[in-house]
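Just below sit the structures, each encoded as C-alpha cells.
Each of the two complexes below includes chain A, the first together with chain B, the second together with chain C.
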Partner chain A sequence: MTDAVTTVVSIKPTALLRQLLRHKLAAIGLVIIVVLALLTALAPVLAPYDPHAQDLYNVLSGPSPAHWLGTDNVGRDLLSRFLYGGQVSLLVGVCTIMVAAVIGIVLGLVAGYLGGAIDAAVMRITDAFMCIPPLIFVLIIAAALGPGIHNVAVAIVLFGWTGFTRIVRGQVLLVRELPFIEAARAAGASPIRIMLKHILPNTLAPLLVTVSLSIGGAILLESAVSFLGIGVQPPTASWGKELRTGLNYLELAPLYSIVPGLLITLAVIACNFIGDGLRDALDPRLRGDNR
Partner chain B sequence: MGRFVAVRLFHALIVLIVVVVLVFIFARLMPGDALLVAVVSSNIDVDTAKAVATLRAQYGLDQPVYYQFFRWLTDFFIGDWGESIGTGEDVLDMFLERLPVTLQLFLWAAVWAYAIGIPIGIVGALRRNTKTDMALTTAALIGVSIPAFFEALILIYLLAVLLPIFPPSGFVPFGDDAWGNIMSMAMPGFVAGTGGAGLIARYVRSSLLEVMRQDYIRTARAKGLPESAVVRHHAMRPAMIPVVTVIGLAWTGVLGGLFIIEVIFALPGLGRMTVDAIFQKDFPVIQATLIVASLNVLLVNLAVDIVYGYLDPRVRVQ
Partner chain C sequence: MTRPGQTTAPLLDVRDLTVEFRTSEGVIKAASGVSFDLNRGEIVALVGESGCGKSVTAMAILRLIDDPPGRITDGEIHFDGRDLLREPIETIQAIRGDRIAMVFQEPMNSLNPVHTIGDQVLEPLHLHKGLTKSAALARAIALLQSVRISDPARRYGDYPHQFSGGMRQRVMIAMGMGCVPDIVIADEPTTALDVTIQAQLLELLKEQVDRQHTAMLLITHNLGIVARYADRVNVMYAGRIVESASADDIYDRPSHPYTIGLLQSVPRLDRPVTEKLVPIEGQPPDPLDLPPGCPFQPRCRFATDVCLREDPPLRRLDDTHEIACWVDV
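Presenting the complex of A and B:
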C-alpha cells in the first residue's frame, strides 16, 4: 500500500536534478518552494511593517497602496504577517520531517536487517500508528502536551516516523539478500556498518520521495492544527491561524483568509509535485513518459 | 489462500491490541485537567481537591492502571462506553446520535470521489500525453494536495457568499426538509470527496496504462476490434483490480478529512464531537472515537488486503 517506488535504484544527484527539472510539474514545484522559502526567510527585509504593530484606527482596511493585502482585525499589516507566518509553517514542516525521518530510518533499518521478532514488533506498532487518523493523533498529543508550536512539532514527529519505517524496511528487504551485502558480511563488516554503509545508500531513492511528500503532509497538518486553534500562540502568526481568524471576516476582507490558504496550498502542492517528479525520475518503468 | 488470510487476520489482531493500548495511553495523557475543568465549571464553592478526588473515584482513575485498562476494555466491548466528562451524557448515545450525519457525509464523499475520479482516470489514460491528459493529471494532483479547509473556504466564498446558492454552514436533518438536507450536504460532501477523487483518478490512470501495454490488448486490436470495444471488454476489468488497493487509502483520507470539514461547515457529526472533546479533554469521548476510527481503518485495510490477495494471486506469496 506504499506509494513509493519499490525497485532498487541508485542515481547521481546531478542527474536526478536534471531529470527533475525536465519534469514539468516537478520543475514548477521546485520554483514554488524556492520562492516561498526565499519570501519567508527574507521576511525581516521584505515585510513593509512590524508583524505585531497594531493600528486600531485602521482595522480590516482592505487592499491599499500602504497595505497591499489590507490589515487584520487589530490593524496589523497582513502582508507582513503572512511573510513571517510562513516561517513557522515551512520550518515546522521541514524540521519535523527531518527528525521523523531519522527515527523512521533507524527503526526501518533495524527491523528490515534483523528481521524476526524485532521486525514483527516494529511493523505491527507502525501499522497501529497508521490506523489512527493523523489529524486526530496530532491534535490529541498537542492538546495533552499543552499549547505552543513546539508541542505541535513533537506531535507531528511522533506520527511522522511511520511512513519512513515502512519504506526503509521494504527497501532493506529488497537489498538484504543481494550478493554485495553477503560480500560485506564475508569481509567481516559489522551489522551497523553494513546497515549504514551498504544498505542505507540503496534506500535513498524512495526515501527522497517520502521526504518530499511528508514535508507537504506536515505543513498541511501544522496548518490544520493551527486552524483548529492549537499551535502558535498570539501574537505569532502562522498561515493556518491567520486563515482561521480571517474566516470570521470572509465577507469584509476575503484576502485575510484566502491568501494564507493559497500559500498553504501552494506549499503542499509544490511538495507533492516534487515528490511525484522524483518518483517518476527514480522509477525506470515510467521513464520516457513525457509530462 | 487460507494461510494468507490467517496470517493477515493474525497481524490485524496484534495491530488491534497495539491500537487499543495506544488509545488507552493517549486518553490517559489528559484526564486530570478535564476533571479540574469539570469541577471548577460546575460548583465554584466546593473544596476543589476533594471534588476532584470524588470524581477520580467515580471515573475509576484511583484504581491501578492495568485494572483501569481491562475494566475499560471489557466495558467497551459490552457497549458501556462511559459518560462524557463535560455533559455527563452516555458516550454511546452521543455516538449514535451523531453517527447519521457523519455517515451521510461519508456517503456523499464516496459518491463524489468515484463519480469524478474514475472518469478522469480513464480519460487521462486513453488520451495519454495529450493536453487533456496533462490538465487532468494536474487537476488530480491538485485535488490530492489541496487542504480541505482551503477548498471549503473557496467554495463557501464563491457559492455561499458571492453567489448565495448553498448555505455557508449548518445541517438540516433529512427528515425535516429533504431539499434543505441535500443543499446543506452538497458542499461538505464535495470537499470530503476531493482528495479521494484525485487519488482514485491517479490510480485508475496508471493502472489502465499498464494494462493497455499488455500483449492481449495488442491481440484484441490485431483481430480488428474497435478501440472502444478493446477498452470496454479487455482493458477495463483487469485495470480495476489494482484500484481496489486505493479504496483503503481513499477511505483513510476521507475519514481523516471529516473532522475538519465538520468543524468548518458546522455539521453536528462525530468529527466535530471529537474535536470538541479534545479541546475539553473529555477522555471517554476521545477514547471511543479513537477506537472506532482506528478499528474502521484497520478493518478496511484488512478487507482490501484479503480482496486483493484473492484477485491477484501473486500477492499471497510474501
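Presenting the complex of A and C:
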C-alpha cells in the first residue's frame, strides 16, 4: 500500500474481489445479490405464468404444485409476480444510485477542486437537501410529480446525490494537496485531466462503499414508497407493493406478504454486507482483523 | 559556469521575482527581488535553509504557486523570448513538462498510487507529443532503462508501492526527462533518500543533463551536493539572494556572512578533523516580522549601524561574484 497516505488506496479489481470473498459476510451478500439478480433477470424464462394473467376462480389459494407460492387476490401466480417485481425493485435501486452517483461525483469533484465560492454554494445546497428526511422527501417529490415508478426514481436520484457529493469533495480536498497532483500540474496536465485522471481514481475506494450501501437504501426506499401506494402502479408488481397488498390477506395467504418482505430484507442486507466487506477490504487499518 | 566569450542571452532569465503569500496574519514575502539566470548545459544551485524561498522561486517559474494564497507580484521570467509571467496559462501548460520539467522532492508521494509506473512515465509524452500506443510502450521502457530500472519491460506495469524510494525517484527523473526538456528544475531531488542512493541519483541527473545538453536548476540545502554538481550557486536567505558566485568561489572565497556561517557549520573533508563546527546563532527571521535593515543582521557577527538601517542591495565583487552585504568580510 501507499506508504504515508493511508486514505488513498490503489484498487485492483481482482485483488479486491478476492478480499471480498474472503470476508464471510460480504461473500454471503455477494451470493445473495447474484442469485436475486439472476432470478429476476431471468424472470421471463423462469416464471411459470404470465404475471398479469388472472384466474378469478382460483384466488388466494395456498401453495400448491401448480402455484408454488399460491395466488393473489385476483388469482395471479405469486411466484411469477415476485420474480417480475424484483426487476422493478432491483433495477430502480441500482439505476437511481448510479445516476445519483454520477451527479454527486461531478459536483463533488468540481466543488472540491475549484473550491471558493463554487464549493460553498454546492455544499450549502447539499446540506439543504440532507436536512430533509428521505422518505418525506421522496413522498413530496412523488406527490408533486404524480405517482408512478419513474417519478419515484427521479425522487430517489434527487435525494441520493448528496451523500456522494460530500464524500467525493472530502476525498478531493485530501488528494489535491498530495505531491503527485503538483507533479501532474508540473508535467503540464490541464485541470480537467487532473480531476478525471489523477483525483477521481483516488476517490473510488470510499465511493464504492457508499454505492453499495446506497443501493440497499434505495431498494428499501422504493419498497417503502410502493408500500405507501405512490410507487409502481397496478398491474405492475414490485416487492413493496406486493407486500402492501398481501397485508390485507395476511391470514388467508401469509406468503403473499411474507415472501416479498423477506426478499426486500435479503436484498438490503446483502447490499449492506457487501458495503461492509468493501469498507474492510479498502481500509488498510482494518486489514487482517476479524478474519 | 559562464563560458568566456559567451554573448547569447541566457536560456532562463529571472529578474526581480517577487512572490507574496497573503495569510490571516499578514502578507509574507516569500521571494523578494530574486534574480538569476541559467544557461544551456549549466547547473545552477539555489541554496538555503527551509523557508528561505528557494522552492517558491522554482514553483513561480512554472507558475505553480496557488492563488490564493500566493501571488507573483513583480518580476519577469524570460524563457525562449517570452515572459512566462505574462503568458496565458495554456501556454504555460504547454511548456510545463515539455520544455521545462520538474523533479519533485518527495519520491514517496510524487507518484499517483493508482496508476502504473509506465503510465506515469509516459504522462508528459502523452500530454505533449501525442505518442501512439506501441511507440509509447517502447519509449517508456527505454526511459526506465535510461534511469537504470532493471527489467523495465516487466516493471513497466508495476504500481508505485511496488517500487522503493530510490527507484521511485529514478522514475520521477525519467518522467522529467521524457520530453527532452530545455530546463530541469530539481527541487531537493534527494531529500528523503539515504546517502548512497543520493549520490547515484545525482550522478544520474547530471548524466542526463550532460547527455541532453539540458540546463538544470538544482534546489537544495545540502552544500555537499552543491560543491560537487553545481556550476553556479545562489545562496538565499529570507526570500532574497544574498550571495551569487561560481561553486568554486563559494567554497574558496565565501563573502557573505551567512554563506561563511553556513560553510563553518558543516563538516568538510578539506579541513582538519579537529576543527570545530561553528553554528549560526539565532533563528531565521519571522517572515511576517522581518528585522529592520538587512534580514540577516540580528544573527550577524559583523553587523554595523548601516546594517540595522538599510537592506543591502546586491553588489559586484568581480565578474561572477555578487553579495548583498554592506560589510567587506
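Following the convention adopted for this analysis, the second predicted complex is superposed on the first by the 284 of 291 C-alpha atoms of A that agree within 3 Å, B and C clash if a C-alpha of one lies under 4 Å from a C-alpha of the other, contacts with A are read in each partner's own complex, and residues count from 1 in each chain.
As a working rule, a residue touches a chain if its C-beta (ideal position, glycine included) is under 8 Å from a C-beta of that chain, and two chains touch if they have at least 3 such contacts.
Just so you know, these numbers come straight off a predicted model, no measurement behind them.
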Chain A as common anchor, with chain B and chain C clashing or fitting: fit
Superposed model, chain A: greater residue contact from chain B or chain C: B
First, second, both or neither for A:201, with chain B first and chain C second: second
First (chain B), second (chain C), both or neither touched by A:48: neither
Spatial angle chain C-chain A-chain B, Cα centroids [nearest 10 degrees]: 100
Which superposed partner A:247 touches (first chain B, second chain C, both, neither): first
First, second, both or neither for A:178, with chain B first and chain C second: second
First, second, both or neither for A:186, with chain B first and chain C second: second
First, second, both or neither for A:228, with chain B first and chain C second: first
Nearest-approach distance, in Å, of chain C Cα atoms to those of chain B in the combined model: 14
Interface residues of chain A shared between complexes with chain B and chain C: 1
Chain A residues within the chain C interface of the complex: 1-5, 8-11, 178-180, 182-190, 193, 197-198, 201-202, 204
Residue ranges of chain A touching chain B (in the complex, touch as defined): 1, 24-25, 124-125, 127-136, 139-141, 143-144, 216, 220, 223-224, 227-229, 243, 247, 250-251, 254, 257-258, 261-262, 264-265, 268-269, 271-273, 276, 289-291
Chain A-touching residues of chain C, taken from the complex the two chains share: 62, 64, 93-98, 101-102, 104-106, 108-115, 123-124, 127-128, 159-161, 172, 175
Parts of chain B lying in touch with chain A, wherever the complex brings them together: 11, 14-15, 18-19, 22-23, 26, 29-30, 129, 134, 137-138, 141-142, 144-147, 149-150, 153-154, 156-157, 161, 245, 248-249, 252, 255-256, 259-260, 263-264, 274-275, 278-279, 281, 286, 289-290, 293-295, 297-298, 301, 304
